[in-house]
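Presented sequentially are two complexes of chain A, the first with chain B as partner and the second with chain C.
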Partner chain A sequence: MDELILELKKEIIEALNLEGMTPESIDENASLFGDGLGLDSIDALELIVLLERNYGIKLENANEGKEIFKSIRIMADYIKQHRTK
Partner chain B sequence: MNDFSLRVSKNIYIKAISHISNQKPLSEEWFEEPIFYSQKYVRSIEPDYKEYFSLLESRRMGLILKRALVTAINVTRKSKIMNPDAIITGTGLGCIENTEKFLTALIKNDEEMLTPTHFMQSTHNTISSNIAINFKCHGYNSTYSHCGTSFDSALYDAFIQFQLGEIHSALVSGQDELTPDYFKLLKKIPYLKNVKVCGSEASVSFMLSDEENGENIAKISDVILLNKPEIKKMLGNLKCNLSEIDAIVVGNNGDVENDEIYNNFINIFDVHIPVIQYKQIFGESYSISGLGLYTAAEIIKKQKLPVINNYGGKINKVLKKVLFYNHYQNKNHCLILLEML
Partner chain C sequence: MKFSRETYCLISNSKVELNGKEIEIVSENNSWLNSIYYSLGIDYPKFFKMDNLSKAGFLASELIFREINFDRTIFHKDITIIGFNSSSSLDDDLIYQKTISDSDNFFPSPAVFVYTLANIVLGEIAIRNKIQGETSFYVIEKYDENLIQTYLNDVFTNNYVKGILCGWIDFLNGNCNVKLKYIEKTDEWRAK
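After this line comes the complex of A and B, so read on.
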């Protein structure tokens, strides 16, 4: 699980161009949107694409994202259960 | 050809200029000590963007957007005009770097799973709109993409808007980035094929106003932009006699066909007139004419000639009127007359 969290952090930093951030500087339990990392709706779209491209997970319902993208740990947990690649 | 100069009644002033180019960014150092390049392709020297926006704010911006915004911020600060009536941008290639990223991903992912950011910021008018969003400007917003006369067209639009009384201030800029891949393509076509100066990038912002005060850099007395004109007739329509012009700024770049047009233009003037070939410093780019006008404005402000000139030695006359001339492949031609205040 820790390996997956680290991998996910690296992918998010690259996909969202979070220059100056390192995997260590991101708290996997912190909120991704709002007060935490401060991501927005465009980032949510980038994360949906990331899930599909890297893990073969296609979100059918946009509302699912609200739960899945609460934190990196929750995201990693979802990936672990649903990944197809 | 209409005698447009008869309709020119309002004075327009350049209040502030800021640039990011192959010279030291946001600095006038190039005027005295330019950096000369022997390479065929040189990218701009970047300022420290962290001084202008946080990493989170800038992470979606491509280089061209960062450069445009920083030069825009600088001219608003210098001029104290924080909310100009118009934002008008000239760009030949627009956000070409993001366009390349978007198209590469399109091919790589077999037209599926495309990410939104590069697509959203791949259009030409992203630049003007990004500036407007930053300054919360809800006024006139326009973009001109006409190859080597993109900046000239943007300035001409502003000039007309001022004359019509539609605006009292305008942020006019020329913005072009040049990626390594696009440079290779341009080297295969006439635009850059035989050019001897470096292929480069340009980001230059001007704050214009119709308010006269002591802080202005120069007055824009006339702008004429025409397709396939007779040059002598075009000069005849200018709002001054040719004998009154103290220096001319032209865009010779080492390409024989391009330079012939400029040389014919130079030959119309007195043989002793100072001639400044600004592309020897800034290189060639679709928006480089913005840096040509910047050169002309600095000559008036400093009352000196930059290092690149035909004059030799010190100039001992007042440089009241400087004429900037740009042409793109002998099709579109632009004259901009600047005057000392």
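After this line comes the complex of A and C, so read on.
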């Protein structure tokens, strides 16, 4: 699980152009939106694409993202259960 | 008697100038535009999400507005932004095309897609500086100082306009060409 969290942090930093951030500087339990990493709605769409491209997970309902993207740990949990690649 | 005050910035592939004076840019394994960002000591993380066209225009506007101590703590309804170029958003369009050109690897990027319009650069500048006046972007065949000046003069005569950020903002395949200026009416203009 820790390996997946680290991998996910690296992918998010790259996909969302989080310049200056490192996996170590991101708290996997912190909120991704709002006060946490401060991501916006376009970032949310980019995370949906990341899930499909890297893990073969296609979200049928965009509202699912609200729960899945609460934190990197929750996201990693979801990936672990639903990944197809 | 001067009726207007002008501040201008030029950014090419190797040089940044503000009012004719070259700005020193320190490059440490960063892209040219990112090197300018770091050299100017800007703190605006959204910069790194922008496409090259928006980055180029944004940096020029930062230099200009910093020079005139522009107040970005209040909203400005009396400032207009007008941009021109010949490459439109083609630099970003080509990047976006790569994300949709392979049917076996078809993952359109929303973050790249949002910059596939040339006028987005003006929106980025407006958001950063709380500018709420009109913005317009024109794609023309080639740089035309007379056309830009004619348009600028026309907009400048509007009474509600206090200042105009205007000029050429072009970026394609690593070639950066920005000639941006801010013209504001002086007290003499308002008195005449």
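In this text, the second predicted complex is superposed on the first by the 85 of 85 C-alpha atoms of A that agree within 3 Å, B and C clash if a C-alpha of one lies under 4 Å from a C-alpha of the other, contacts with A are read in each partner's own complex, and residues count from 1 in each chain.
Criterion: a contact is a pair of C-beta atoms (placed from the backbone, for glycine too) under 8 Å apart; a residue touches a chain by one contact, two chains touch by 3 or more.
Because the structure is predicted, anything quoted here is derived from the model rather than measured.
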**Item:** Fit or clash between chain C and chain B when superposed on chain A
**Value:** clash
**Request:** With the two complexes superposed on chain A, say which partner A:34 touches: chain B (first), chain C (second), both, or neither.
**Result:** neither
**Fill in**
Contacts of chain A common to chain B and chain C in the A-superposed view 15-20, 38, 42, 45-46, 49, 52-53
**Prompt:** Where on chain C does chain A make contact in their complex?
**Reply:** 34, 45, 48-49, 107-111, 114
**Prompt:** If you look only at chain A, which of its residues touch chain B in the complex?
**Reply:** 15-21, 38, 42, 45-46, 49, 52-53
**Request:** Write out the stretch or stretches of chain A touching chain C in their complex.
**Result:** 15-20, 38, 42-43, 45-46, 49, 52-53
**Complete:** Given the complex, residues on chain B that touch chain A span 55-56, 58-60, 109, 113-117, 120
